[in-house]
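Given below, in the form of structure tokens, are the structures.
Shared between the two complexes below is chain A, which pairs with chain B and chain C, respectively.
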Partner chain A sequence: MFNVKKEINERIGLDAIVSLARKKMVPMHRHSAWYYMGGLLLFLCMIQGLTGIMLLFYYKPSAETAYQSIAEIMVNVPYGWLIRSVHHWASNLMIVAAFVHFFSTFFVKAYRRPREITWLTGMALLVVVLFLGYTGYTLPFDERAFFALNVGTDMPGAIPVVGKYMLEFLRGGENVGPQTLNRFFALHVGLLPAALLLIVGVHLLLVQLLGMSVPVSILKKAEAEKKEIPAKPMFPHLLWHDVINCLLLLGLVVTLAVIMPSELGLEIDYLKPAPEGVKPDWFFLWVYQILKWLPTFIAGIEGEVVGIVGLAIAACIIALAPFIDRRSQRGELSPAFTILGIVSLLVFVICTLIGYFS
Partner chain B sequence: MKLKESLLSRRQLITGFITGGLAWLAAYTIYPVAGFLFHKKKIPLPRAVTMSRAEVDMLAPNSAVYFKYGRLPGVLLKTDTGQLRAFSAKCTHLDCIVQYKPDTKQFYCACHEGYFNDTGINTAGPPPRPLDVFELKEEGDKLVLSFQEHNGKTA
Partner chain C sequence: MKKICVLSLIGMLLFIGLLARYVCAAEPAAPAPAATIATEEVKDAASEADQKVSLAQVEKSRVVTGDRLYGLAGLWLLIALVIFLIRYQIRDDEKLYQEGYYSKDLE
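Right, the complex of A and B next:
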């Protein structure tokens, strides 16, 4: 009889892949819970891909039609409000999960040798996810979107030399106008998802090749006690854990979507002044808050420029942590970088909270 | 009466719960997703469209013009003798738009070589039935064209 599995196996050696997956062990220790974050992120990516494509069935990406088509989705298309709200909430949770994944990886110093490239791809993914979130907010082309577009595209304008060109490139002109929407649409459904897929592919491949990283403290303890670190097979044990996590997460996303459906603001009015207390999306609030605190001029340079350049340098230091953090590289504890992580986390959380409540 | 053995093993019970739960979850996911994807906007056809006398008079004998009837394309034919006839311009085969050939007095569909005569009857090629016919009425100096959708034949 014709055996599909055998035929495929003969051609592409499926068995090798399966046995590789079976061999994969996941170390179990008190920081193991953080390993699940990646799986959750992947699941959120899938939700976003599917609901995003669904929304494209009805969304009309042009300045004249975008707002109306979203209204149509929210009111007339069956369950349109649900699909859009799921997309909205999954995106927010994705950003939360991405930050948790980022900070937890940083704290356990999983970026150390040989996982430097995995870390760098992860940083790139964080950036892509943030930009996906930002560009997504602008697509309904309502009032909120208008101010987000204005302020957001203004920021790169503060960068010396190239800033002006970046600003005009993003806006498609000197000012935010109908043409800007098409650019952001292209970024949100074209460039950024393609980049995401590609980098996620590399990221996952590296995770598979290199296995899970074990924190230095756990390694040291096991060494001292001359004990082996217990491990569980990825397949099927931890896969089931992942499935359960994903189901719970799906429940959370849908619950949030039902209780707090996403909104649609007022229609865009190019002449309307910015409303009082206009703020960016929560995941950029910390940047907003820091920039707000800076004086107009610092040593003769515009405060905003100093702020943006400063933040960029800080981001670079964190991104290059595996190359700067020599102690971790040697397999030693590295309290300096733990402190750097704690400070960054505190700045992030506190500035976000202040930005939110002020 | 108490049975000595359970009719259901613990394993069966748990499997049942899990499968049931998953089926329930699948249904709850698929139902809204399908509803979303299969939504179609219903645009009702207009009750009638009108053409002015002048427009109709401009039309030469043995020629035809297209007109819009909501989402349907229509074609108005003026015969040699000045008689007016109106049809749906959609070929009854696979919905291409037909064109009038004055030399042979036929409607011709280029998609798969379908032919209809000047009363809309299918005469050659794949089309399975005549062109749908519009009702014509003259009201003052207006020509009123109307169309009944019959049993879902016309999309």
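Right, the complex of A and C next:
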């Protein structure tokens, strides 16, 4: 009888891969739960890819047709409302998961040698995921998207020297118009997913090559007690747990999509003035809130410019943490960077909440 | 393991069914090209307006119906069943691991 498994094995040596996977161990300690975040993020990426392709079947990317095609998807296409809502909620959860993964990695100092490049690719992934969320938010081209485009593209416009060019590049002109939608569509379905695939590939390869990082505190404790850190095989132990988490996440995404389907705002009226208190999507609210608090001028420089430059410097410090945090590199506890992480997390959460409710 | 595969297959078949329904939906016919006679132009514009999906229709499509909740309950049931079986599988794997099976090379 024809044995599919045997035939495939003869050609690509599947057993060798399985044998290798069985030998790959994952350390088990009180922070092990954070290891699952990467898997969840990857699963959400897969949902986004699949539902995104499905939406492309009916979405018409032009200023005249985009809004109506989304309305068609919601009303006339079978399960269109579900596919769009799953895409919407999975995107929001993907951003949440990316932030949780980022902060957990930062707190356990998983960026220590030899994982500096893994950290940098992770930071790049966070940026790509944020921009995927933002560009996707604008594609329905409704009133909400129109004002979000205005507010969002204004922010890079405040960057000194290159700001003007960035603004024109993003808007396709001086003002937000039909041409802006084409640019955002190209970014959302072309450039950003390609960048995401490439960076995810490198990130996963590095994770497989270097294995999981163990927090300094756990290493020190094991060293003091002269005990080995317990470990379990990645295959099938971690894989099965990953499958359980992904199934629960799938249930959560579909539940949110059914209970709170994705909305569609009013059609764009270019002549209508922007309403009071226009806000960006929730994941950029913290930036918006910080910039709102700043005075118009600080030491003769525009407040917005100072804010953008300050935030960019803060982001650079965090991105370069593996090269600045010398204590962690020496395998010592580094409370300064833990405090930096706590402050960053508090600023992010508090500013987002204030921005949302104000 | 076989039970998990069977349940996953059921889940996948349901998803493929949904996918087929979604992908095979007929798109609304595009409005006819602009006519040269003024009366027909008016007619075209009117039928185009009729074909447009209104915001009220979109809002109606967002209502949580009984059918949707039944579907959701079905999905959670399938997920719970698969997780239940995976837990068993993990227990078996744990036993094999304790016996040193996973440290052996495959022949």
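Everything that follows uses one rule, which is that the second predicted complex is superposed on the first by the 342 of 358 C-alpha atoms of A that agree within 3 Å, B and C clash if a C-alpha of one lies under 4 Å from a C-alpha of the other, contacts with A are read in each partner's own complex, and residues count from 1 in each chain.
One rule holds for everything that comes next: a residue touches a chain if its C-beta (ideal position, glycine included) is under 8 Å from a C-beta of that chain, and two chains touch if they have at least 3 such contacts.
Note that the structure is predicted; figures quoted are calculated from it, not measured.
The superposition on chain A brings chain B into a clash with chain C.
Look at A:F57: by the touch rule set out above, it reaches both chain B and chain C. The larger set of touched chain A residues comes from C, when the choice is between chain B and chain C. Judged by the touch definition given at the top, the superposed model places A:K232 against chain C, while chain B stays out of reach. Contacts of A:V18 after superposition: chain C is touched, whereas chain B is not reached. Applying the stated contact rule after C-alpha superposition, one finds that A:I350 touches neither chain B nor chain C.
After overlaying the two complexes on the shared chain, residue contacts for A:A312 are found with neither chain B nor chain C. Legend: residue contacts after superposition of the two complexes on their common chain; A:V162 is shown touching neither chain B nor chain C. Legend: residue contacts after superposition of the two complexes on their common chain; A:V258 is shown touching chain C, with no touch to chain B.
Counting contacts by the rule stated earlier, residues 54, 57-58, 76-80, 82-83, 247 of chain A appear in both its interface with chain B and its interface with chain C. Chain B contributes residues 25, 32-33, 35-37, 39, 41 to its touches with chain A in the complex. Across the complex, chain A meets chain C through its residues 15-16, 18-19, 22-23, 54, 57-58, 68, 71-72, 74-83, 232-233, 236-237, 240-241, 243-244, 247-248, 250-251, 254-255, 258-259, 261-264, 266-267. The residues of chain C lying in touch with chain A in their complex are 18-19, 21-23, 25, 27-28, 52-55, 57-58, 60-62, 64, 68-69, 71-72, 75-76, 79, 82-83, 86-87, 89-90, 93-94, 97, 102-103, 105-106.
Of all the residues in chain A, the ones that touch chain B in their complex are 54, 57-58, 76-80, 82-83, 247.
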